[in-house]
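Please read through the structure below; I'll follow up with questions.
Letters A, B, C and D name the chains as they come in the text, with residue numbers starting at 1 for each one.
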Amino acid sequence: MTEGQILLTGRGIQQVFGKGRGRQIAVDEVNIEVHSGQCLALIGGSGSGKSTLMRILLGLDKPTSGVVTFDGELVEGRRSAGYQALRRDSSLVFQNPFTSLDPRWTVFRSMAEPLNIRLGRHSRKNSLDIDRKTRESLSLVGLDPAEFLERYPADLSGGQAQRVAVARALMTDPKLIVADEPMSAVDVVARLQILEALAAIRQARPETSVIVISHDLGVVQRIADRIVVLHEGKVVESGSANDVLNRPKAVYTRELIAAASL
Amino acid sequence: MRFIVRRFLLFVAALFVISVVIFAALRILPGDAPSVMAGLNAPPERVAMLRSQMGLDRPLAVQYSSWIDGLLHGDFGISLLTGRPIGSMVAARCSVTFPLIVLGLIVAIAIGLTFGVMAVLTTRPALRSGFHLLGLIGGAIPALWGGLLLILLFGRGTGLLGVLPSQGFPETGWDSFRTAFASLVLPALTVGVISGASLMRYTRSALGDIMHSGYIDQAMACGYTRRAAALKVGLRLTMPQLVSVVGLMFASMITGVMVVENLFALPGIGTGLVTDLGNRDLIAVQSELFMLAAFFLFIGFLVDLLHRFLDPRLRYAVQERA
Amino acid sequence: MMMRNDSHNRAEEYQTGTDLSDMRQGAVSSVERSANQPSKRAAKDRENVALGRGFAVVLRLIWKRGEGKFALTVMTSWVAISLISLFWTPQSLWKTDGYQVWAKPSATQWLGTDGIGADVFSWLMAGARTDLFIAVASVIFAGILGVLLISIMVSRNSALSNGSVVAVDALISIPTILIALILAVPMGASVMVVVLACGIGYGLNLARVARPEALLAANSDYVGSALSYGASGFSVMLHHILPNVMPTVMVQLSLSAGTAVLAESGLTYLGIGVPSGVPSWGHSLATSVKLIDVYPLSALWPGLIVTIVAVALNIFGDVLRDTTDPSSNPELRRS
Amino acid sequence: MSVDVKRLGVCINGKPIVRDIDLHISDGERVGLIGSSGSGKSMISKALLGLLPTNAQVSGSAMVGGIQVVEASEPVLASLRGRYVGTVFQNPASSLNPVLSVGKQIELPLKLHYDLDKVDRQARVARMLEKVGLDATIAKKYPSELSGGQQQRVGIATALITSPRLIIADEPTTALDSITQRRIVDLLVELVDKAGASMLFITHDFSVLSCATTRCYVLECGQIADSGQTAALLADPQANSTRKLVDAAHELTLQRK
């Protein structure tokens, strides 16, 4: 496939926690780039630093050293153009769908939230418009709007709730969707549904970039274009999905492949 | 260790703040204290003499620092009304109040823990709602009324059974141990039952939550019965919470203690404080309030330390950054 | 300057990009704007109706339970008696009779008379309104203080939040009565002493009790998500965190109302609560202590009433918690 | 130890969670119980152990090693648990007692069921730690100081310390990352086989099941929907619910080209 423009880059990113004896390098000299329209899988076990790296790439945490750019703009502090652009053009999907949806809000209200924040509660872009967009997004992830819009999270299964979260991420038409272990808190059947939802999004919106974070190579094989394997804070392998899955170089990658094979 | 030091510094800081608050509260007293004390038609010279005796003619900063200086040296000042040192006055009152609090606490813990655990362990719905009702009503009884009921039931003279003294404390204090103890039984029961009821509610909800946790499943899977798991594992796991609750109970009990002291005519801190306040004995009230506050802040300090010590998750918490 | 311009442009591009029909947005006519007005109002109305219905549903759910019926009945009667006592009591509060002191209950004086010959029953009835005021005022005060403290405790400014947590931890060990004593020294016995002491004490307690839940909400992913879309800390507090701690706050405040009534009786008895000329249940209880030698059974009534009210408020708190949570309550979710 | 479940049903507050469960585990056999979340699979394991909440009603019959556990008294069940039946839970972080050191945690079943002196118990704990691949120094640590994988190894050691004849593993790997997951399953299977014990392995993931069991039951909406050899079901699923689970497993595991 043809590679789009570079959307997000991280150069020499390092994150150190604590000092003295407790000093711990969570992310060590990581270079990473995401093109628009690309799906990048960030793979690593627990403690590999993948979530730390994600927070830095999204501008939510400040790295000890290193530079992040988004859409050509430097991400540095809350006032930088890159940070503002990230807030505007990126969306997050969290690991546990039930803690990422407010239990006291209906699906509709949760989904409308990003636009309400963006446009102010009583914007001219009135409720009709938001209404239409929620319906569109829900249908895209394979949920019937008529059935789900007025439900509360307590009435959803894990897979349904996570797809609602994915649909919410679509509401702002982001250039980048980041999904942090979106499938590890739900059962296999639900995992497949979420995977299908992500694939549908990529098909409907080919310009949208997706970063999927996971500990499991198996779940990302169908959607990832590129794979970056993180181990103990370092990138041990990166390349096209095909190369990494079929011709792994690092020992750790081979272990991951073995663990994900039947 | 660092936690202990930090918490101790906080304790000292809180002491300082509360001393300033008490000091300030007594200075903005409406009605000039010396004139009140001297009486209605006292000559101005007498008022002025009282004023200088109380040290009220000095600048505020000097008054405050000499008060604190005295406190640090164990000198709490001299009561102008009785002419006795406040330190010994308070000590005498404490010898009534502290045993009362401790007895009340024992009653409360005995009732609260036992019934709380039983309420969790019982499977009979009737018993369950019985405990529920007990907790509700027990915690809603005003101390004054509770004391009154006990007097009506057991008080010597007026009571139906008339077995226990309901008024006063022996002049000789703890030298006549049996009478002294007997006169504390009804007051201690009053505050103990009321606090016990709320402790029972806490125990029931805290232990009830733990019983639904994986820790109990694991303990039972190792071979404990449900009962044993509740007693050996569940109670231990609720301990940090319960210690906090008992610590707070100290604070909530003191209102009841003061009330029953007055009701049962016990010469304790509560009765003393109310008398001194009525007499506008400024110096005495100031020192007594401060000592009470210091006592409760210290209890709070101890409870926090104990809480920390009882929960290894707090001691050894690995910093998680997943 | 360039950058700001750029981001501004993109924001507009975004707005127009999402909806082609909004291309004319730059020149929105006043007609269109006013046309949008009613729908906005309709939305607001719908919200209010939903809120009202939620309230009605909660009330109905509370009423459906036996203990809820009891709590609601007691609370309604309390308010009703308070209102009635403003206009009418069986005997005038100030009618005293020097020949009729410590009288036994009779057809005119249902619970007898006190030391100056005033009607005990009438004072008990009038006491309802003072205690109602104390309960409501101290709950409002505690609620405001508590919610304020909770907001500070979970704020993202770590110096502020840590500071407030330790401060609350230290102050919580100061008993309510001590606060009342300190206040009573300059203020004398007054209703405000009770309200302030209870308000401060219960506010601190509320903050401590609700903090774990507030933290849970504050650290939750739904708050993280809202923040990542650029929501302000204040808006997240208002729309996510506070609604999620509200059940705990309500329960705690309901319990506090009961405790305030109990505290009033204690403080008044000790002479630092409601002053002696004002009717209150504490006053009636204190009277009944003296009545005990004369007519023990009528001494029981004031205490019984205080207990019943406190029990009702406790029950109300419990029932409220069970009925206001949509995640455990399907009936609230039905729309 | 064999397990024989006939027409088992569990209701909670009158609401049926599972019903009509027929399930058999022979001596030394590793059997799986698979179903998506909410299918009631954990309820079955809890019913076998007598760990159901007090508001649950159980009907039918469940024989564990010749003992009827439905309606059995608490002491009988307790003498079974930890001695003849070992249990590994889903999330060790929320099941290992946080105030017990690892050594004391593993020692607990020995202490409750056997009259051994302290030295003997500690020696057994040390041997057990070695078997599950943990360092002996870990015995003094608390669960919160360990990683997820280490915690689950402690969970396995606790379950196996008394050499029980039946292991019930309730989604033991769900909370772990994929590599750790694989290692834990391999370890569990190895230890269970070596001891000659039987195992009931509960999961929602067919790929894990295929490593851990030879035969399995598929649970859907509280009822057994399908059963058979794990490999056969995986190769050629017939029942609808089985096919859904197998398809998902195929889709989510790597097929080497």
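Here, a contact is a pair of C-beta atoms (placed from the backbone, for glycine too) under 8 Å apart; a residue touches a chain by one contact, two chains touch by 3 or more.
Since this is a predicted model, take the numbers as computed values, not measurements.
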item: Fewest hops from chain C to chain D - one hop per pair of touching chains; value: 2
item: Centrality ranking, top chain (CA atoms only); value: C
item: Most widely separated chain from chain A, with each centre as the mean of CA atoms; value: B
item: Centroid spacing, where centroids are CA-atom means, of chain A and chain B in whole angstrom; value: 54
item: Distance between chain centroids, defined by C-alpha means - chain B, chain D (Å); value: 50
item: Rounded Å distance between chain B and chain C, as computed from the means of their C-alpha atoms; value: 26
item: Gap in Å, rounded to a whole number, between the CA centres of chain D and chain A; value: 33
item: Numbers and ranges of chain A residues touching at least 2 other chains; value: 46-47
item: Residues of chain C defined as touching chain B within the complex; value: 166, 169-178, 181-186, 188, 205, 258, 262-263, 265-267, 269-272, 285-286, 288-289, 292-293, 296, 299-300, 302-304, 306-307, 310-311, 314-315
item: Touching residues on chain D, where the partner in the complex is chain B; value: 46, 49-51, 53-54, 74-75, 77-79, 81-83, 85-87, 89, 91, 94-99, 108-109, 112-113, 141-142, 144-145, 155, 158-159
item: Contact footprint of chain C on chain B as seen in their complex; value: 7, 10-11, 13-14, 18, 21-22, 25-26, 28-30, 136-137, 139-146, 148-149, 151-152, 158, 247-248, 250-252, 254-256, 258-259, 262-263, 270, 273-274, 277-278, 285, 289, 292-293, 296-297, 299-301, 303-304
item: Touch list for chain C against partner chain A, complex; value: 3, 6-7, 10-11, 14-15, 17-19, 22, 25, 28, 33, 36, 39-40, 43, 220-222, 224-226, 228-231, 235, 240, 243-244, 326-328, 333, 335
item: Residues on chain A engaged by chain D in the complex (per definition of touch); value: 45-47, 157-158, 186-192, 195, 215-219, 221-222, 245-246, 255-262
